[in-house]
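Take a look at the following structure, please.
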């Protein structure tokens, strides 16, 4: 962690949340700990806290995603912020106003936070590097690069079930190559000190030199899942099928789909995770997705709490010297 | 009414509102009585009550409808709930995530209520049978099946004008066959003890064995409207015209369009109703739609009050033993 | 100003805001003065005032405009109103429900205010002439006719920089013919007593008899900008290019694009304005748009304050005898 990390302010506090890469273990733990304080809010009769009352959160979605937009919108509303949903199709940024002018305009409206979703890797960083000092940027997924709130809700879910990270074996299965979820998760797992992180995939779905991320590579699923504490199944984008990276859905499922039988080699208390939405029968068998090891729906619930925590943190709501807090 | 009615909880209270069929007279009267308490809210300087503050209402629209979505959105906001609008096109449920997974995901976000609009008859029932125990489902119109909040706002409007139901003659005119409004209204009218319910339509626009619903069938409009206290005109979907069920717009209007002249055979204090939007000159003459007997716009106003009442009821806001209410 | 001005109530107070034409200097000054009181709200920790709590504002957009819709939505939310966004495509008003029925329906839902955007000149006036007495209409831009809140935020920005209006020379450059912004601004400038208003454009982009609006016509930009205090650049709709009104983008920029070099003939403290979104390199050079004379982003900020002021005024929030205010 250096003070020049664009994600941190001059006091080393979280200013933007763009990637789990390069953040300290303590900062990631802070996110998890603050999220704990919000985890109960969803179950209360009045699911609202006034932490961001009078703040303006802009969901700036250059790539459509109902699911991610919905979780950020709910998180912001439960923090009592005002939310503006802007879907900006690619076409409108190519002609007419530049991205920079769009950002300047939203800043001038006294927005406080941009949640950015974009299909270009690096878009959230670029936007964070461009915005006015009073704006915080949260990456809601950029290209193949990062999806850090997803990674943190995954870590939150793991900690809830396993207590600590240090002794764990975590196996991530599927299309590592194209997955921003996998990249962000791997950085979070290694930073938080997970004992062993495995990636399980055919060579065509692995990035070059993936071992440099600190993971062990497996091509055989039964070997990759052996004694795993956590099995994390990635979503298979069906487009990949057609692009000749993969032989067929049937063969993929045969080799890399999660079944009860393959899961049997993992530890008895293994948890099964997935970022959603699920392709049943492609990357995961229904009986496993709905089975006793699955924590997939808990991930969704924790997603609201973790996003509330990140939003409140980048707005300075947990600073000791913050006098204006509610 | 049996305890196995999916709409009721184990104490016989309204849990979901899916159809007016099979609900007791007392329960329908409870809805009308609670709606009375909200009817004044729309005229107050501050049109808000805090009954559902901190609750999350999801408008889950599989079929687009600005008008219905708008009334539910306003009703929820005036109850101080947070509202999420999700328009889910058919295509996205056919490929990718299953409906069941979409519901599970929204539940995991700690939603409290789904307002469902779907063009498949039975969709709201199916969803209510699938959701977690803490979720209530309100049917905002499903296929040709039911549109129960529309029926209850109609009953509310009738009661406001006529005081009681028992002595009334109500004539419903038009496309009974394809109308979820008509079905829900007929059940509400008969349950609330209306003296005589008439349907007035050509045979091609009547369901088989419609008499079993407890209605009298008329093909001639002047005979069907004779001495009526309430004339309820259904919207004619123009698509039906082309499907050869009907001869022509002109001939339809000639036979079944409501004119001043035809209305003259009804009682002098007859009220004219329509669920909207109106096709002027197709099913109703402008001078009647805007005339002194028309209560069409009152129906719209009462729609907000009735939806507020139903939303508050399914959330348990009028239970005697409810301690968490505001 | 006459009492029959549709924009004013019987006490001469602002009821609708449709155009800057025909309003008194005092009323325009009232708008600016009230906007001053809101200009600080955007910088506060809690950007909200409760003036319109419990009011329902409907953004009634017949022509899509993310930018304008966004500013009105933010202004309404910062006044604590509930906001309903309705995008009504042309097609849906041509078939089915009439505009009048749509308005009646929204009124019946106890809406308080319609913000109207329409590509037909006069649409906002027509709607204001049709609505129920309790509804206020704000014109968010209608055809080539008017965009009065844009004009008032421009006047607010000018006053902030120049203090008074009387001694100013203001040059408006570009497509005057098709610009509702230009029309509304010219009326505001002349009503507020600006010394000299100039329009700078080729003959093909000037309305017939434009001098009757009280402006001086220039075809040469260097002469039109000489000693100007304010240079207001209009957006050039690229569609005009193809319609043979203009020779080419290059030639247009050469003759009417704003460059540092052309700006040099204006006063040293000239301010450069633009309603946005900017076409960089078409009507304005980037170094000028981003330069020290540009106040373009201030215009955006002031747009929120001015719209809050207008919304609060038409809702009677600044009447002396208003007892229901918060």
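First chain written, first letter: the chains are A, B and C, and each begins at residue 1.
Criterion: a residue touches a chain if its C-beta (ideal position, glycine included) is under 8 Å from a C-beta of that chain, and two chains touch if they have at least 3 such contacts.
Since the structure is predicted, the reported quantities are computational estimates derived from the model, not experimental observations.
Annotation: the chain A:chain C pair of sequence copies touches via predominantly different residues, less than half of the used numbers being shared. Think of chain A turning onto chain B: fitted on CA atoms, that turn is 120 degrees, to the nearest 5. Each chain gets a centre from the mean of its Cα atoms; for chain A and chain C, those two points are 41 Å apart.
Counting partner chains per residue, chain C has no residue touching two or more of them. Across the complex, chain A is touched by residues 53-56, 82, 84, 86, 88, 96-98, 101, 104-105, 107-110, 324, 326 of chain B. Contacts from chain A toward chain B in the complex involve residues 42-48, 66-67, 70-71, 73-74, 77-78, 276-280, 297-298, 300-301, 303-304.
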